[in-house]
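Chain naming follows the written order as A, B, C, D, E and F, and within any one chain the residues start at number 1.
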Amino acid sequence: MRLLIVNPNISQSVTDLIEAEARRTASAQTQITMATASAGVAYIETRFEALLGGHAVACIAGEQAGTYDALIVAAFGDPGLAALKEVLDVPVVGMTEAALMSACLLGQRFSIVAISARITAWYRETVAANGLLGRLASIRHLDRPLRDAGSVQEDHGARLVELCEAAVREDGADVIILAGAPLAGLARTVAGQLPVPVVDGVSSAVRHAETLVALGPRKASQGSFAAPPIKPYANLPAGIEALLRRGA
Amino acid sequence: MRLLIVNPNISQSVTDLIEAEARRTASAQTQITMATASAGVAYIETRFEALLGGHAVACIAGEQAGTYDALIVAAFGDPGLAALKEVLDVPVVGMTEAALMSACLLGQRFSIVAISARITAWYRETVAANGLLGRLASIRHLDRPLRDAGSVQEDHGARLVELCEAAVREDGADVIILAGAPLAGLARTVAGQLPVPVVDGVSSAVRHAETLVALGPRKASQGSFAAPPIKPYANLPAGIEALLRRGA
Amino acid sequence: MRLLIVNPNISQSVTDLIEAEARRTASAQTQITMATASAGVAYIETRFEALLGGHAVACIAGEQAGTYDALIVAAFGDPGLAALKEVLDVPVVGMTEAALMSACLLGQRFSIVAISARITAWYRETVAANGLLGRLASIRHLDRPLRDAGSVQEDHGARLVELCEAAVREDGADVIILAGAPLAGLARTVAGQLPVPVVDGVSSAVRHAETLVALGPRKASQGSFAAPPIKPYANLPAGIEALLRRGA
Amino acid sequence: MRLLIVNPNISQSVTDLIEAEARRTASAQTQITMATASAGVAYIETRFEALLGGHAVACIAGEQAGTYDALIVAAFGDPGLAALKEVLDVPVVGMTEAALMSACLLGQRFSIVAISARITAWYRETVAANGLLGRLASIRHLDRPLRDAGSVQEDHGARLVELCEAAVREDGADVIILAGAPLAGLARTVAGQLPVPVVDGVSSAVRHAETLVALGPRKASQGSFAAPPIKPYANLPAGIEALLRRGA
Amino acid sequence: MRLLIVNPNISQSVTDLIEAEARRTASAQTQITMATASAGVAYIETRFEALLGGHAVACIAGEQAGTYDALIVAAFGDPGLAALKEVLDVPVVGMTEAALMSACLLGQRFSIVAISARITAWYRETVAANGLLGRLASIRHLDRPLRDAGSVQEDHGARLVELCEAAVREDGADVIILAGAPLAGLARTVAGQLPVPVVDGVSSAVRHAETLVALGPRKASQGSFAAPPIKPYANLPAGIEALLRRGA
Amino acid sequence: MRLLIVNPNISQSVTDLIEAEARRTASAQTQITMATASAGVAYIETRFEALLGGHAVACIAGEQAGTYDALIVAAFGDPGLAALKEVLDVPVVGMTEAALMSACLLGQRFSIVAISARITAWYRETVAANGLLGRLASIRHLDRPLRDAGSVQEDHGARLVELCEAAVREDGADVIILAGAPLAGLARTVAGQLPVPVVDGVSSAVRHAETLVALGPRKASQGSFAAPPIKPYANLPAGIEALLRRGA
């Protein structure tokens, strides 16, 4: 199985973190290809930045169409995810939805631990779009400026563990989601220090993508995830045009 | 007051419908400028098409930044709306949210009448994102292929009226929203035939935009609609880069 | 356009605050008439007081029927609002619903800042009746006794600003609603001190009432906002009898 | 125990139906006094009519204060109920809330069968205000004009049974609520014909009122059901003034 | 009326507390029989323990079938309650649902005060299953280890009162539910110290059971509370087999 | 990895269907052991039957504790699932939750197609307990008596396909869940005939169980899925006693 993992941020350091965790998790048969957004911002924290990230992922998804059996949108908030599910005929999995599904299998209520205050509104809206606000115990976040998206784990590891513990003790979390690609792999490191299961978005997405490929669901030809109706279009990047043509 | 109305679709015929209704509604002091997406599809019905539309609106918003006092995203589903509210320091109003707010002021529960089956899932998600599913009585839709987005009103006017009547009689609608830019202005024509108030997204958006400009709310400097944090970016269209620079 | 603004409280000092803000906001073409409840309490904070206020507004609305093109119920909690929408054939707008609609156009989640602990339950129920609990970040309130409903702004201005700041910082508010007629106009004064947009119920109601008149929606002849079915009645005040007769 | 049952409608024939069912249900120790609204309409179906009914009940509740140990608001929709709970220091029970509580004890989801289309919106809002929309399977209603509120059971009994059966078969109702004072007592008559338990608002209210008196809960001195804060008032009917004075 | 009250825990000391409060509350005509689970744990705090409790109650309910006119499941969380409503043709009432219904009749929002942190998740899920999360103000709990389930009231009475007061003052509770059979009867003792009504599950359940018997609802023959369809079964305890046979 | 799959029904024919589908799906490294409830009913359709099934699964889970790395509760409705997650220190997955998670990854809204009318209420409550009612488009069901739980697919295959198509066309389903162990494997057979992805509970559960084992989450030592607090117990079956002892 060929798995394309797209980082919607332009940060190669974050792509490296994602790749490392993905390779630790993937089955032997899974061939991983990484891609990093060529256009966009260093780290997506807001709706506007997510709009840019979604567009960038779509371009890559179209440019490389036909070369992968599943695609992962590797940023929390899942920029462009639902849109891509319409136009691709292979499974598409987002880091957030994957983490949410793992968390739901491991407990009833979960908390999300995030890397900045600003990012929390976007995460909350993502949980809402997944219809899972009723199981969200809390979102807690780092409150100090980040030196670099690639070094958050080293710089703030102890504080992140404290946030997790507080979510269990005070908010009623049965499970913790460490959210955001810069935290990829941290769950593995800190699992032993925490009193509840910890979920990592990257490893969840890799495993769930493998599952969907194995289950082999057919592409929708009706309903809201069928390919968009054929209609005139104009001035689109080659990758996006490729996606519209494939739908047709 | 200078009002920029952006059609996220590439259809000039739809832009013309929007403009006609906007001019019928706007106050004398409001100067309207129309813009049509240069990249995208003829008519947005799906999440993927909305992603394209949101990107196109952002480009135009940035290219023309500084030349308008308020901006209207003139497609139902409000592509890119929440994102633009972060980066612009003038009011931004979407056709859907404007219609929803008008409908809420006119009754308790509303139905949406739409131009295709495919578009209804996206509309439902937009109502959900506005937190108003609890007031949605139903979404009803035309079920025949459309000859042209610009001639829906002539081709299907009688059927649209029937759908409205059924929504009142069977679904408990107190108000009807005629949804989608191709129906711009129809509310005005059919109001006399219907037993409840009918809401038009374009005229609602124009009036609510005028209201926001008059009320003069300050731009958020904190919270989730402050400008995104300053950070590295790369390879963005000039319009979008302009928006990121303005935030900073 | 002739606009009747009814204060459901018996406090002339509050009517004066409302009038001042209404006149600052209204368009040149809008002729404002003020009315103050003749029966009722000094300031509505509870469901029982709201029942009295709703009755008083209905009496005035009926007594002056035919002399106005729109009516504003100028107390937070909107006493009698939905009832009046049934019997009047002109737009009726409540201070709360107007503020909620403005807040929804300006951000995703809002907090309400109120003048007493007691009033918060009623406000919460009003937000719930508007179907918008999902967007309510918090309700914060003054916790000291009020000298006079007419002087709250002077007496407690600094504390009110602190409450707003806390709502943004701790509760995730994108927008603040300063609630209650005694705070009419305060948003204008403190806007510069706050990091997010601030909404005033009076100015919102005035503008939204102007919008509804401009959009010219028809009166419902079916659905739950049609006039009540004709039936025997007895011993009603002249104003209320006038409303029942008009419906028939 | 002295129980005051107030019909918020002015129809003596409906009061008689209520009284008959109440006497069939009440314990031997319960002394029932009936009262009929002196001001209002023949039968409450809308929000405006409920506003009148709530005011009328409050007047009676105050005029007779001190002569009863519990009060029942005997119209579906519970006009004035929450308001009265603030000002009375004895238990107050509404027909709707009583029926809802009985239905919840007898099954998971319930349907309401009502006497007119118009009344259904108000019932739905009452269920929502009780926080129980999630357990509402459906509201079904008679669709023919009513000769008289007092003879609905005779005139439409068979059709009402059909509506109940359809609610069970098609809507998933575990329990049926026969709603509205004109149907008082019908549950007793038709119970044998229906495949699920049937709830009557009057008998439920009588029993729940007896229960609350027996449990002897104290009157709230804090929270949103404490008596309203003392403040100036003016021009109120004697009954209502009595209620405000008692709170103080 | 013959009332069987089943304690799903194996603690006789808790059964005694329940019985004492039940006898204080019951009408003269009600004959109370107590039963204590023969298999299970000392005190149910978790979902697994509730599964055991539900099974034990079912065994007793079947063994004694025909000897009672109503049954009370006397543990908070109502283990086995919905299941028993299917197979018994007499009313079945749970302590939690009974307390919730009483609380709903006494105010709008309620808080639950519980005896351990661990038990709160199960209580929250029980409120959710009753569809009443929207009226739950908070769950507060003792945070010290319990010496004995039978002596919680003496050991922790003062702390429990503090928790109630905090729920009113900080969480907006209009009513307090003292939850869990070990607190049976405490509401009676502390009522005078609290500023809002306090609800006891046992006394509520006894009174509501009496009410249901008096109202005499028929057993469902259709819908989800009809007896389970007849089908093969094997190796069931005699009590449970009796319940399945009765359904048939 | 050693996977124990427990059929909470006593039907060996259903166990065989489950096993066949499980073996078609499982990875080469997964060793499957099947178990069938020794006590219970032929096919679980109701809450009472689920109580029996949950107890039976718990007995087996305890009797075989230590011999498996993950356990699947292989009946729709997931009897005993949340309870088992507390006491087992290996992953436990239910057929319903597994199907729901797969469906959520494949689309936004799903419909469930079930084998009887009676079973639908229990399924609906299971979806609600998973917090996913907001994504449930509909539950449709066979309406004819079943000859045998083991032959439903052959007897009713065509009708099941019709129900799926109707769910897509009329209810807005993006994904279909074929629910109930008697339909295990049917998704594989009919996938080609349906216009949207179809989800099978057994194959989803097998894959998700493999995923959880691969991700290696730690057992909760705090929160609501930690082992129940140690306390006296009595008269429990050996399997259940084993589970309580392991927790301690």
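Here is the rule we use: a residue touches a chain if its C-beta (ideal position, glycine included) is under 8 Å from a C-beta of that chain, and two chains touch if they have at least 3 such contacts.
Note that the structure is a prediction, hence the values are computed from the model and not measured.
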Next item on the list: Show which chains lie in contact with chain D and also with chain E.
Entry: C, F
Notebook entry, point to check: Quick one: which chain's Cα centre is the longest way from chain B's?
Noted result: E
Next item on the list: Please compute the C-alpha centroid of chain A, do the same for chain E, then give the distance between them in whole Å.
Entry: 43
Check: Approximately how many whole Å separate the CA-defined centres of chain A and chain D?
Finding: 52
Notebook entry, point to check: chain E: which residues touch two or more other chains?
Noted result: 82, 108-109, 121, 125, 172, 174, 223-224, 226
Margin query: Going by the touch rule set out above, what shape does the chain contact graph take here: line, ring, star, complete or other?
Written below: other
Item checked: chain C residues within the chain A interface of the complex -> 108-109, 172, 174
Checklist line | chain A residues touching chain F - in the complex, by the definition given at the top | finding: 25, 27, 82, 85, 91, 93, 97-98, 101-102, 104-109, 130-132, 134-135, 168-169, 172-174, 191-192, 194-200, 203-204, 207-208, 210-212, 214-226
Margin query: For a test of understanding, state which residues of chain E touch chain F in their complex under the given definition.
Written below: 10, 38-43, 45-52, 54-55, 58, 80, 82-84, 86-87, 116, 118, 121-122, 125, 128-129, 223-224, 226, 228-229, 231-236, 240, 243-244
Item checked: For the chain C and chain E complex, residues of the former touching the latter -> 120-121, 124-125
